[in-house]
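Per-chain residue numbering starts at 1, and chain names A, B and C are given in the order in which the chains are listed.
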């Protein structure tokens, strides 16, 4: 096992009843890069996320984070070790204010936490809405909130589940710029996305899943030309 | 407003503290019971209002405390005040035994598990009659302690409301609330929801246990049906839902309003009274799920921490 | 406790367990239906059982004929009442968080139980019809239990046939799988909710009519059946209808077995411990099912 990898998944398998959602999947992430995870609907992408973060228990295989085994840990333990994630369906805390959504994530002293939270809110220009209930924010605003909530925890590995979904162009560009900046700051990011332009423009390396199996891996240009990928999406 | 509120509170406390000097026995007992309901409602709020894990068997803690205290007073000669504190401890132990396994369940399953809790504890208390006197109950030595009990109940109500205040205005309270809002997201953000749920549950059991002990001394006689009545749980729930769950003053508001109405109007008609409680629950759930205080918060954009 | 347990005693207990179990299964089937179709946890389920029992009581008081015939009245009556409650109240919390349906049905159950107290008083009632038992070898089959068992089995089998073979039954099953897909298929999901709640209430009422000849009738009698129905569903797996059958039988057996070793006072405590254990160890139920 390469100790340089920040995340390593070996032979991961997850079944739900008769359906194998993830089938002997193996991949490795080097730090300080942006990775994409693509594949047709139902190919197991979110399930893979859930297995990494401990939300689902894998049936077989191992997950290593910074050379430490993390499969089998509870979600909050995984989060504490430095992995943050967003969700496909936005999960902010509706009855808490935007500021409180951020404060609740960290155990740092209140002043420190509040300062960081305000900075992040300013970063995505939500600071004037800090006292607003998160449930009252618009879709795009909630999306941004969920995004900076992950940053609040200083996670080293950030898993983003469809960050571009339902987001307008301007906001999207903001997000993409933010993600690039995160990478430059030393974070590792893994993105599940359907928007091909986003993936191709942003990611250093792309993994392709189909029916729970990894069928391709490489830089975006190579993936675009890969026959198996094209077949997975269009053919059969 | 911020300047006035603490001053008003202090004046209010002073008035309440001096009340027994001027009031009749009946009036003192009235307030004593009111304090008890405030304490019970606020305790239920700590678990069900904040974390969203509804406890349908909460009176089991009250009854457990009553019995623990009564046994200590009658069989071991304890004074009722420390005995009641032990009643609180007994309730917390029960909460630990039940909570540790059951809080791992998702919200609705937990609620179902608590449905039977009260009946089971009552059955156990009846069964082990060598300790508890079974159906014959326990009689406590009568003391003229109404005045002291007034202050005791008042302190209990104050303590749990203060606890609610500190929790709701702090990050710990926020974490409790994330459990109610979205437990999966809370876990993903590094919050150990299992532990926080347990803390909330244990905390919510303590004061009912203590107050149960006070109650035992006040009424002088307890038996299984008198300290494990479903009506007590129902009343706690109605008070908190009506006043506003998850807030600091909502349970107090609900307790005061409904207790006063109860004493003046409905207690004479037991069944009608309960039908009305059932109806109130239905109406609140359908039309004002956040209770009176919640409605005011929305209408007048009041802060969350009231 | 040194009582020698004979084979006859065990046999007796198993028979009693199965006889009681069928009743539990039938009543729990109703609860499972409501949960499966609407994702509503109906704490008021037992009140329909209680009202069914009272229907049988008044039938027998006023008409004096075979109380089992009152099923023809109690089931349709509670079917209608169930639909009424669903239409006016429950339907508003179907899409709300589960907490809301819990509290709502809790409130409904309090209101109904106390209405019954007002209307019927809390005096214990009973219906005397069949007494005694048939003896087969050393084992006694209590007559009323056997007849109740027979009816419970018949009604449950009919319910299953209905769900498998009729158009409405299939629509109900489809909706409990996925209401979105059901809607796309042209199923009127609101109607399905209505009928499911009605059917479930009728099943509970049937349970009430059948126990009316065996136990004391009083307004709070339904609560323990609500709890036991939950236990059955948990045993069998939430949303798993055949599981409810197995769970009911299992509960009946466990109850009778424990009454052999412990007093019946503790049998409810045992049921409770069983519930907690199953919830902890096999939250998906013994047969597995869908989670909340």
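Here, a contact is a pair of C-beta atoms (placed from the backbone, for glycine too) under 8 Å apart; a residue touches a chain by one contact, two chains touch by 3 or more.
Just so we're clear, the structure is a prediction, and the values are computed from it rather than from any experiment.
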| item | value |
| --- | --- |
| Pairwise touch network: line, ring, star, complete, or other | line |
| Top chain pair, ranked by how many C-beta pairs fall in contact | B-C |
| Rounded Å distance between subunit A and subunit B, as computed from the means of their C-alpha atoms | 42 |
| Inter-chain centre distance, subunit B versus subunit C - centres from mean C-alpha coordinates, in Å | 32 |
| Multi-chain contact residues (two or more partners), subunit B | none |
| Set of subunit C residues in contact with two or more other chains | none |
| Residues of subunit A defined as touching subunit B within the complex | 53, 55, 74-76, 79-80, 84-85, 87, 91-97, 100, 103-105, 110, 149, 153 |
| Complex contact set, residues of subunit B against subunit C | 52, 54, 56, 98, 101-102, 104-109, 111-113, 115-117, 119-120, 123-124, 126-127, 234, 237, 241, 271-272, 274-275, 277-282, 285-286, 289 |
| Residues of subunit C that touch subunit B when the two form their complex | 41, 43, 89, 92-93, 98-100, 102-104, 106-115, 117-118, 223-224, 226-227, 230, 234, 263, 265-266, 268-269, 271-272, 275-276, 279-280, 283, 291-292 |
| Sites on subunit B touched by subunit A in the complex | 171, 174-175, 177-178, 180-182, 184-194, 246, 304 |
